[in-house]
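Shared chain: chain A. Partners: chain B in the first complex, chain C in the second.
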Partner chain A sequence: MMKSRYLPLIATCLIFVLAYALCYWQFPFMLSTRVVGNLLTDNAFLGIAAVGMTFVILSGGIDLSIGSVIAFTGVFIAVVLKETSLHPLVVFALVLIITAIFGGIMGAIIHYLEMPPFVVTLAGMFLARGIAFVISTDSVPVKHEFYTFLQDSFYRLPGGGRITVIGAAMLVVFFVGIIIAHRTRFGTNVFALGGGIPTSKLMGVPVAKTTIGIYAISGFLAGLAGITFSLYTSAGYSLAAVGVELDAIAAVVIGGALLTGGSGFIAGTLIGVLIMGLIQTYIIFDGTLSSWWTKIVIGILLFAFILMQKGLLLAASAQKK
Partner chain B sequence: MNSLKRYAPQLTTLAIVLLLNYLVFPDFFKIEIANGKLYGTLIDVLNRGAPVALLCVGMTLVIATKGIDLSVGAVMAICGAVAASTVDSGGGVFMALSLALLAGLICGIWNGVLVSVLNIQPIIATLILMVAGRGIAQLITEGAILTFNDEGLIFVGSGSIFSIPMPILIWIAVGIIVTFIVRRTALGMLIESIGINQRASTFSGVNARVLLILVYAVSGLCAALAGTIAAADIRGADANNAGLWLELDAILAVVVGGTSLLGGRFTLIGSLIGAMIIQSINTGILLSGFPPEFNLIIKAAIIVIILVIQSPALQSKYIEYRDRRETGKTPVGKDAAS
Partner chain C sequence: MNKNQPLLKATKIDKTFPGVVALDRVDFTLKAGEVHALLGENGAGKSTLIKCLTGAYHRDGGDILLNGETISPRDTLDAQGLGIGTVYQEVNLLGNLTVAENMMIGRQPQRWGMIQTGQMNWQTKEILSQYGLDIDVAQLLSTYSVAIQQIIAIARAIDLSGKVLILDEPTASLDAKEVQMLFGVIRKLKQKNIGIIFISHFLDQVFEISDTITVLRNGKLIESVATVNISSIDLVTMMLGYELGEETKSKEHDGVEREILVEFSNFGHKQSIEPFDLVVGKGEVVGFAGLLGSGRTETAETLFGVTPHDSGTATFKNKSVNLSSPRAAIANGFGFCPEDRKTDGIIADLTVRENIILALQAQRGWANPLPKSEQDEICKKYIKALDIRPTDAEKPIRLLSGGNQQKVILARWLATNPAFLILDEPTRGIDVGAHAEIIRLIENLCEDGMSLLVISSELDELVAYSHRIIVVRDHQHIAELVGSEITTNNIVEAIAADLNVDNGQYELKGVIS
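So, the complex of A and B:
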């Protein structure tokens, strides 16, 4: 059982290494630090949002609202920066508080009304996107010295690759996420919830506090992903980031987390995000393949990983017998 | 009388929404016949609501088994693309329709097998097709919006029989046929039993595996019809936008109609009324000159209200409260008799 816990993670890593080797074999330029740097920068917002999604899925829930929250964050930042003279950092803090409270309220509804997370976060998805629309339907550009400063600062790797601020932010979020999930009491409670709510109640896990905390984290990280996205695009647009929640769920599953909750790794999600980014990079390098192949390949990967999880579970239960 | 009472909340909501529409737009109920076809805003509601109403029929059955089908929007795109490419390569309208239905059936059976044979949670099982489906649709249309001029196929989207537009006829016919099949046979009850407790129904001899596949197949077929109508309506198959987010509208309509997402008891008529409520709200917002952006906020508010009403936690509190009040009023002997 201990071994099979790590198997999905090992499989994910193997697939990533194999895929990268395949890419390198076809396009030797793939191994340059430039590609690696861009891989991190281009997928920063997805990665940050996916960390929040991992917490939610580990607890056996789902959060459909993150794409809309990203869009809301972008529009909010752009409009506030345009209309007032507040410093971006103040606006960032403000929007993070709003999104964390938004997530917390969803968690409270899920817990106290005993409703499926799917429906509650669906309402949250409509609400966040609706508010973004009401704030502005146009794409609002962000022009601020602080933005240019953040966008222009990066760490130069040997070989010309750049670790940008948002790329580094994603790595930091993953690091903190790994510590919270695997090294704190809150993290243990999240895993316990994923194992079953009645059992965790009997074990003395504070279910209400943990549920609200999980969705607040997911909301907070969606807000942070929104900030990253607005730095990445220099604009806020209410139609942006449609369907990011699906990409995030896919990344979590490819990363080896069990969808029924209770088992998985934050680090796996990082590799899941990178695999998805790698597919896109390969398609861009190839030039003849169309972008819709990304979706099909991700669908096939999703299917393969779910099948593998089923097989592992079957094998584990056969061993017990 | 009994059935009217059952649908009272939905019918009242629909009446209120229609009344509001009438207040902002006095011509709302005006229906006229031009070019041998019914015209009017009310007809428009029925017509535009066809895709969601069709999706609702399949979605209701899926939700009754405690499942959910996220892929219907993507299946719509696939089937629209299949229909369009069939007529473009010279096939007739019947060929196009049957191939589109076949594609929908295959998608549905795929979902059903994942859910029932491989035991994957419905949300995730259908997520696979939701993600990959639009890619497949684009593969069929080769990335472009496939337009067509086949009279027969266009007729499905904008033709009319006895001056009633085709989409309305199709969704009402499908609604009646499916209701008839599930309610005049034991199928409906068996589906409900799976939703309440799959293991218990398997033990009592219900073939849950076959029924689950069947339910998802029906959902796929309904999505195929909806996709064909959507494509025929704009005379082209748009792999990116056909049926985009309609799965959420369909789920919302089913929930508004009074079917619980927790599985079990379902009502097809309620879901169809729900679909019309949602379409009336959409039309009403457009007519009233409100920015369409408010649409999403109103939908969110509706979901929250329904959540509160359907919440098991609040329901058990209410029953407790009611029982306490009743036992306080009535003498003990009477209580035992009831």
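So, the complex of A and C:
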């Protein structure tokens, strides 16, 4: 029982290995570097956004604005590249600053006005989506040689698989996220907030700074996810990425984080994202199943994880008595 | 520093809340290396005084001197920085972080912005070893018992503050062995010349560990005295405010043989009250006396099914009844006015009428709503009978005074026409005039044949209306007083009995809580 906090993570890893084994048993080709490479590329934007969501959920909050911010970022980049001669890297930097500030402002409202994160980020969700529509209602294609260059750059794995720029970016974001969450004072403060804000205050945790930081990170990573999405689709569309925030929440929970905050792992979220990607890949391989089966399986997995968390909490409290 | 100079000296501290004087020119002096117990019943001003010392409240008047210098802590963090650390009953640490993270949060050793976990764990282990704790500090705090968490909290407070340590009910959820472990830690801190303020309802623990005792009552300083110079009876007398020998009333046994209404046998709940037998007759008022936290309220909650009993049986009118939930108890004709009106009783934003009909409607079930005309009639009847003011039943109840809110709750239960009504502290927090009215009401109800169980700290009130008094202590029913035995003297003596003080040897057996 002593390592019970690792149990959800272990369970997630186990499910992933089992699911992969099942896929391999039916379709041996699933265990190839090509599939792995595509898994990373296809889920890069979701993974990056989910890292931000993990920070938010670890602190006991929620961020519903992520999908809209991704759409806003895509439209912003596409329109600015079309209308001006700015280099894409400059536009990326600009949009990341905007989204980080956007997140930071939501964090400040949550802290100083003592508003529930759900409501504040819901407002943020409408706002970001609305601004995306104001910029452009059409799907704006991105044509720039730098984009083509990034899309064509990859590291070839033995067996023909490709680690693309965006796939690698996701892995780097996860690595940095793990360091920040588990090895810095800021990370400890995030967990502290998830354990209880009044107690954290009494213990001297800088609650305001941490809350604003968390939502700024989430906004920044949503912006980065938006850049990734724009590289992935070569377009910006204000109706894109609807509901991605919910996929991100699902990935975080399947990754073993407690929705009430204070417990979880960034690495778990990576596995959570990969499990969701794996289900989709399986359906593509099968070819006869409707893609909605992805949602059904994810729904079942979520239920299972919520039940497991409840069970663990009950077991822990029973042990205490 | 002059050895005789007090470590912490508070003089003439005043604190007023709207309508209440919480502290009235209270003096308090703490010496270095002293364990100073702060005692008093609910509302005596203990926690207000502590909050003024730790900056949670700002005092209205008076001075606080720490090492001879005036301080005015802005908040608890500021007080911590000045050297005043506090450890609460509910451990204020984070269970989802490791022991080491709790100890070092905000000051973790870093290199290039990264926490040096090994070094942090090692430092924490060093600190805890001074307290005789050798535990795995990389484990989550929540995996350890409350006693160990308590010691970790103390270690953290001392490490951060290091002059004054305030322990607020530290032993409330510890067992006897853990209490001794904690006392070992406190004795060590004494040797390090740390001043300790110890707040507890356990008088035997106070006698065991403290050097000085200060008693507050109704926001006033009653006395500050060396522990060796006071007997337990004097202490209880000071806390409750009754002079021994001063008689309120002595009632002859009325000799009426009452028909048995409810009978509980071997009734109890593991964590809150030892199994007890209790018989209540028709039209009888049974009083429950005891200090705060003694198990009075727990008894009531067990009877009413709030904390369902796990042993024993109950019979009502000679029939076995189920009391496993408040719903079941209500269905059997029980009523319960809880102690804390604000959180357990009234629904502040509903109107007086809605508050009154709440229990009656619950009894009828949601599918069978009470017609508005009938509601109005019931409200009119009780507003008149109990003299509730203002008389407008459509006013939100939060606008009423405490005494009138209390009457509304009474009306709620009376409307269900209960056979057995439990009142927990019916006169707490209401003005003196309303006291008399509530008492008269209790007497009228019992004349009408209703059986009542009344819990109160106001001993003279209990004595006035009870036919029988049960004294509760340490979660046990320890004495029963009937007829002419019912005097405040006897109650105080029963509460303080067995707290034997012989030549400084204090027995651990009679724990007053």
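Just so we're on the same page, the second predicted complex is superposed on the first by the 319 of 321 C-alpha atoms of A that agree within 3 Å, B and C clash if a C-alpha of one lies under 4 Å from a C-alpha of the other, contacts with A are read in each partner's own complex, and residues count from 1 in each chain.
The rule is short, and it goes like this: a contact is a pair of C-beta atoms (placed from the backbone, for glycine too) under 8 Å apart; a residue touches a chain by one contact, two chains touch by 3 or more.
Source: prediction; values computed, not measured.
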After superposition on the shared chain, which partner residues are touched by A:A169: those of chain B (first), chain C (second), both, or neither? neither
Quick one: is A:M203 in contact with chain B, with chain C, with both, or with neither? Answer first, second, both or neither. second
After superposition on the shared chain, which partner residues are touched by A:A71: those of chain B (first), chain C (second), both, or neither? neither
Which of chain B and chain C A:A250 touches, first, second, both or neither: first
Per residue count on chain A, the busier partner among chain B and chain C is B
Interface residues, chain B side, partner chain A - complex: 68, 118-121, 123-125, 127-136, 138-139, 143, 239, 248, 251-252, 255, 261-262, 291, 293-300, 303-304, 307-308, 310-314
Note: in the complex, chain A contacts chain C through residues 2, 5, 179, 183-185, 188-189, 191-192, 194-196, 199-200, 202-206, 262-263, 316, 320
How about chain C: which of its residues touch chain A in the complex? 76-77, 80, 92-97, 101-102, 105-106, 108, 110, 113-115, 117, 139-140, 142-143, 145
Could you please specify the touching residues of chain A with respect to chain B in the complex? 62, 109, 112-116, 118-120, 122-127, 129-131, 133-134, 137, 238, 246, 249-250, 253, 259-260, 290, 292-296, 298-300, 302-303, 306-307, 310
